[in-house]
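The next block holds one structure in the form of structure tokens; read it before the comments.
Chain IDs A, B, C, D, E and F follow the sequence of writing; residue 1 opens each chain.
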Amino acid sequence: MDTGLTAAESRELDQRLQKRQVKEFMNLFGNLVDNCFTACVDDFTSKALSGRENGCISRCVMKSMSTQTRLGERFGELNAAMSNELSNKNI
Amino acid sequence: MSFLGFGKPQPTSAERISAVENELKVVAEMHSRMVKICTLKCIDKTYREGELAKGESVCLDRCAAKFFESHQKISEQLQKETAARGGGMGF
Amino acid sequence: MDTGLTAAESRELDQRLQKRQVKEFMNLFGNLVDNCFTACVDDFTSKALSGRENGCISRCVMKSMSTQTRLGERFGELNAAMSNELSNKNI
Amino acid sequence: MSFLGFGKPQPTSAERISAVENELKVVAEMHSRMVKICTLKCIDKTYREGELAKGESVCLDRCAAKFFESHQKISEQLQKETAARGGGMGF
Amino acid sequence: MDTGLTAAESRELDQRLQKRQVKEFMNLFGNLVDNCFTACVDDFTSKALSGRENGCISRCVMKSMSTQTRLGERFGELNAAMSNELSNKNI
Amino acid sequence: MSFLGFGKPQPTSAERISAVENELKVVAEMHSRMVKICTLKCIDKTYREGELAKGESVCLDRCAAKFFESHQKISEQLQKETAARGGGMGF
């Protein structure tokens, strides 16, 4: 993206984006825990995760990472296509 | 992606940075909403497998495309309706 | 509302409120997309929105805007009534 | 709306601005929660119509009134219980 | 927790934490209203809370406070145990 | 709790404060997610009683323990998988 910022502005922006990345990773991690815990843990007759729950969580994390990767690729493609379309319209 | 009107020429340095930051924030939030919604629509919640099934992968690709199309469509309709009703941002 | 702020403070506050408005509009827009996509899109045998889905989304946006407007009016009335009640109590 | 104790006299300028900003933020958040919850309670999710049905409109009005009443009631009960338990803000 | 901060840094941190506490209390209160309203209010044939709804909300608030307290205790214990484990690993 | 890599030595004062603030934010968010998810898993939504039933209390305790175990397990798996895939924070 052509941001039209000076070098100093870019540096300031970079710092803010790093903070945003940390925040986004924290959200992503939190959503992952919520999602896999909700889907996999339903037995409260003991206080330790059962073998079945452990397996489910582990598969859930793997599948969620693949989902994240795949959707990230699609998102990048679609976003690039949309940006092109919009800048063609604006010219 | 400028459909929310960010990225227009802005005088001060702080405003220029904010504008780019906002634009990236919009994209990041859209991404995170897409992941949540397409996971819900496409991924089997029993997590019997740790790999994405073929059907799940295809579903994710189509869900991403439909999500983008919906996003753009809703954005355009919102602009038209808001203009027609003469309303501000609160509808 | 009587804010009890000086003119300079009011100006600073205005700037922050503008940022807040942008943020709230982005949330509102995001919730609208989530809500209408979730309600209307359920067929992932193709990657383009079907006629039925398009119609559903369009009606969903219209109805959501009316809902927003109507609830905004009620909220304003109820909030005013509550504020009056509270300031009567405090006098 | 001062039920969370904002809006009391504050010395510095920054604090005065924060106090008003917080008060408005509480109102904005309450509004957004009300829209979400009353949409869920009152609006038909099939979106066969783009206009609010008579029954939906009436439901929204009553939902808004009940939401405010609940909000105030819960706020009062919370203050009483917290005082009785001698607890701080974390309950 | 040993934060390794100077006195001045600690003071700055305290101020930020107070803001955070206010924010967290607002979230907690908002979630409580959402949760109890969703669980207890389902009759929109009148605009005032019924006796049954009032009773349900009141019990919901009490139970939610007890839940909050109990989980707060467990969270403290588990977090302390985990911190110990981690610092033992790091030594 | 340092599993997200905060709390490492940081040069400037602002960064030191941010690091501690982030660490506490992670803990606070984890707490709030736990309350939401364990309430959903353990608390009877009819609210016929205002006191926690014996079964609910025990369920909360076990849910808290399992939530922590899941949190730690997922955090470790995420680190391993991310390293194995050579990916950054976006997976």
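Simple rule for what comes next: a contact is a pair of C-beta atoms (placed from the backbone, for glycine too) under 8 Å apart; a residue touches a chain by one contact, two chains touch by 3 or more.
For clarity, every value in this text was computed on a predicted model and none was experimentally measured.
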item	value
Repeat of the A-B interface, chosen from C-D, D-E or A-F (over half of contact pairs identical by residue number)	C-D
Rounded Å distance between chain D and chain F, as computed from the means of their C-alpha atoms	27
Cα-centroid distance, chain A relative to chain D, in whole angstrom	30
For chain E paired with chain F, centre-to-centre distance based on mean C-alpha positions, whole Å	13
Distance from the mean Cα position of chain C to that of chain A, given in whole angstrom	25
In chain D, residues with contacts to at least two other chains	25, 61, 65
In chain C, residues with contacts to at least two other chains	24, 28, 36, 40, 58, 62, 68, 72
Complete ring sequence of chains beginning with chain B, oriented so that chain C follows	B, C, D, E, F, A
List of chain C residues in touch with chain B within their complex	21-22, 24-26, 28-30, 32-34, 36-38, 40-42, 44-49, 53-54, 57-58, 61-62, 65, 68-69, 72
Parts of chain E lying in touch with chain F, wherever the complex brings them together	1, 3-6, 8-9, 12-13, 16-17, 20, 24, 27-28, 31, 35-36, 39-40, 56, 58-60, 62-64, 66-68, 70-72, 74-75, 78-79, 82-83, 86
Sites on chain F touched by chain E in the complex	1-3, 13, 16-17, 20-21, 23-25, 27-28, 31-32, 34-36, 38-39, 43, 45-52, 56-57, 60-61, 64-65, 68, 72
Chain F residues within the chain A interface of the complex	4, 22, 25-26, 29-30, 33, 37, 40-42, 58-59, 61-63, 65-67, 69-71, 73-75, 77-78, 81, 85, 87, 89-91
